[in-house]
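Per-chain numbering from 1; labels A, B, C and D assigned in written order.
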């Protein structure tokens, strides 16, 4: 934790949306330069939302200097360098493309879009913008959990040999109660899909990134266990984890509650995936296990500072999954924080995302995950939906 | 652990096959009446195998009074009450049907058979034999791991509510080395299938039994990662977990290395299953998790004395998966053994199997799992193979 | 995570010291009002340190508006409401007493002092200052780890019955390497003691606070395994977790490397304590287990979002330590942060400390832990040193 | 698991006592030659107990060929080669010395005796008997848990470097209920001491054996939380884990409920020990952790097939406690049993004890632990009692 003066050149952020993702993104923009040396200093310039009172309160809470009630106004402002899109998925494409065309850098929450078609247009816009110096990044933030970044390094350095099998789960339980209220996340027109796009997208991206392999085909099953939910107001809630009584009117759930799919990767690996919001007792269990020819890795976000590594080298009598506490000074990102064993939390991945994005912008380089990476995930999401809708038949992932 | 005199009426056992399963079955037959009050005392009457020297050595080691080199001779003997079939799957049907027709009780290792057709004939033979007082049981032994028996009791008593999701894995790694030798377990003509029938069968049976629901359809993926293996002799090995050099001739692997499938149950639940012998670092990880509306359960055989139970009742602030050490006097089977916390091992399930089988025989009742239960598993195995062979399309499980 | 406008009345902070504790305290002062509704808004007014260049760099990094190079100047400033003492222990008493006498609120890092005598004077000063409206708090921050706060609530509500046994460990390994460099933490004149005061103090405070019982006597053993260390500059490092070569001159370690002690509490409980920086592989394992007549609790900071709770009520067959993920909306502090399962890290306890301190100041109430609480710990530390220096004889904890 | 004919030369066993230890010892005598090649085949010749009906029932259950009601008669029998002492500790010395003087081999349960004086006489008798070819072994069986045997091998091969710290706990909870009934284990005249000698003895032996170091001095605390217990009959119970009502008369508990002590070893290590029967929720948690200069080990019998090993070699970024599942073919004892991951239970240590004892007898070698090893434990137990009775002062362990 060295004490150094970072640059005083600003990176002026306009954020659109201020719910759960807005809160954690704001924290990251405020904190990154306090712990990392950055070539540009983020400034929270403007926050945008449709309801003036609410957005003003949020701006005050988050530390933004001004507000807008129309996202187009944010893009038009000269004092904004980067647009941070924290809205539901149905707005991603329109905002991102407009921002890129206006020459702004863009950070867009995941999934990149609600359809492959939107994602393709966004990726094309990002590519065109890159030629003009505007950078676009898709927020698959878990890549920057130190334990997963370390996992990627171990794979890349060959410690696992050839990866043969992937098992990935993203288990939550916040909808297990059939009276948990309706939110935009359960409406296809806003969210595109349910568990599939919200959390399934994370394990798809994590798996493709960790293995360095692309998914080439899928067979899938989608299920909606609870088909109606109490209505608690339009687009209510910051995650919608509350509960309401049974006497309120109920709306139709138009997305999946659980998504299960099996895949093949272009490097020869197979994979089993499950994303669900009905795994009672599992709160945020993003789990991934990679089985290679010479090593294996296992991770569970409910124990986010730990990576389990099985090294197949050495005598069999001394082998075992080792619990690496990813808090050492030489671990990814960890040296900027606390001494070993003083763990990090959920939001640190977002801070690291800001760090890498700011550095890429200053260096004139492409940050990752790119919109093309986001599109790659979207194509898998699309294939999953197609397979599930057609008797689970094998569906190749289109290129 | 009460000290009581058990009956002195014998149950005379003729065992066919003496490899891994023969060793653990023998231990169970020798030990059951030492810890449990039994109405009949097992006697190790005869052991059968094709090679006289080897079967004599095994009989001496296991404690059998005599040997035969033709299994038909065992069935013909008047001094044998029960035939214990520990052979590869290709002999199950012929032996079991002959034994039942000869009026012997039968304990048959799993999977019940190598095909649905064989299993159907076996189930029919068992039904016919039952009318004549001969009992047949299929050795899905994990049902009698105390933690899983407790799990069944918790489900049955309603503690989980309606079960919505099942995730089941059986992860081993003894074939991860591409030079692990050929065994009969890798030859379709002897084993029927690979990971699917050997270990996938266990999680199918466990899942159907625990939930009390039947699988109605599947979509599946089978994969063989290593297609040839060093030949180390015909039907070599007791499990074949050794290794040989690379200069020996290699034989073709004709079964799957890994089986992945997704299912629907007749009670509305969905399930994700994976059976593999390539999960590096996982040695015998039979894992199952049930997510219900009001509770959840998780088990891993690598920690076989533990059942994890999430009780959704009570305040959310006090909920969590609790690690039940299933060694209390009132836990299933546990009271016959040691004080709390002094755990049991792999073989105890086989001893409990003997206990329940002997009691059922003495009581003139049907033991479980029955051959019909074994057939039900076989039908799922069949559907998995069909789906995997036909583009992972959805395949109903035939009735 | 509600969006509300907090007060705009400031609480102006002057911080003295800017190493590890300065970094984490600054983060807490910057962040608290972003997630919690506070009656006063912290402002980072001035940072103090002896070396101008270094303190200016730190002030820039941490976000302080100005610097001083003499802590007395900070206390004299009219625009400072609260003095946050992040120096080594040898300066605590002088600064804290001066600050309180100047009418400033004080937050003082732990251990409160380097001797009982100093701590007594500090506690007296705090009591006198309280009468004048100045508040003093001692930074035993782990009390505000949500899992430990929940533990305190469970004890207080009687869920454990009468507590009979405490086992507490604080295991680190950053000195296991005999060439880890000298730091002020290994010099008695600055740190007072070694593992005892640095981390042993934490488990003493945690144990007394959790149980609601006071330690009445001790028997103790102190040990210094490595008696000299490479010198890497005076008072080097921010925790001093690096390494240096063997050719550098070595200085004398004048504190304990490990402290072991057994205690009695005034409520009848016994306790076993160990604090060490030589437990290879343990990075920050602050562990405490309470065994009561009807319940038990276990915690390990290396899995800081989890509290294990054994409820002795209910049938023995369903009992087990349950792993409570302390991230539910109704868990202490957790509702201000992320959805369930999205864990918190080390620094959040400091943020919660700021929240409670600011609220106590605004309400005119005594924050906890008070200096009297800090003194109570100091008396145990003193008794431990006395016992260890006198053949481990039983030493009552003086009042 | 090779199939070989073991010797047919018998080793004829006379067992004295038939409660918990008698049951597990019998199982070991019956099973050892079924899984291991032994030079002598154990025969269960005679079982001895004071009450004829009970001992006859036990002999029938355990498989003994005859009974005696006076242990002296067993020693006098010509057809007995080995005396297995499974009585409470107050009879150990008399029986063992008589047996050794009669030329019998002896296996004596732990603790070796109820006093140092008895243990000294026993060790002398064993030494004298050894000259005449009679072997004596003390039953510190946990040494033969494969995970702990592996731990010893890792220490011996230098993987831990110099061991600096030991932390050892033996946590049970079967007396946490104040109405758990009186047993001989709570009566000083029969058991000598309470948790100290029953389970504290195990962690003392394990620690001295694992480290290869001897304890040179102690400071101790003993505590009796529940001073009277319901009387449920003289010397009742096989472990006495049941419960009785509150209206029955209560007897005085004359032993410790918990023993806590800190030690120094002759190799420079320090240690913290706790043995308790009041750690609610802990059933048989024999835990030991060794912290060395280059490696560390941790074990918990509640997960008895696992050894955790921290290897300090290699890059810090890849270090972590690895969970070795001690079931590989090349792990101690494991190759005789099941394939990897198919774990062993509590009784297997006793079977391994028989294996090593029988082999030592046949080879004319001293088995371990010897009575001298048992005496070494007894001296530590004595020093603990002395320290606890004299203000916890430091007490050297006498030679």
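As a working rule, a residue touches a chain if its C-beta (ideal position, glycine included) is under 8 Å from a C-beta of that chain, and two chains touch if they have at least 3 such contacts.
Just so we're clear, the structure is a prediction, and the values are computed from it rather than from any experiment.
Between A-D and the choices A-C, B-D or B-C, the pair with more than half the same contact pairs by residue number is B-C.
The chain pair with the larger count of C-beta pairs in contact, out of B-C and C-D, is C-D. Computed from the mean C-alpha positions, the centre of chain A lies at a distance of 35 Å from the centre of chain C. Inter-chain centre distance (chain C to chain D, centres taken as mean C-alpha positions): 42 Å.
Centre to centre, using the average C-alpha position, chain B and chain C are separated by 54 Å.
Multi-chain contact residues of chain D, defined as those touching 2 or more other chains: 282, 319-321, 325. Residues 164-165, 167, 169, 173, 176, 178, 219, 221, 223, 225, 258, 260-262, 264, 270, 272, 274, 276, 278-282, 289, 291-296, 310, 312, 319-321, 391-394 of chain D are the ones touching chain C in the complex. Interface residues of chain A facing chain D in the complex, by the touch rule stated above, are 150, 154, 306, 308-309, 311, 315-325, 328, 330-331. Residues of chain C touching chain A in their complex: 1, 3-6, 18, 20, 23-24, 26-27, 30-31, 34-35, 54, 57-58, 60-63, 172, 174, 238-239, 241-242, 282-285, 301-305, 325, 327, 329, 337-348.
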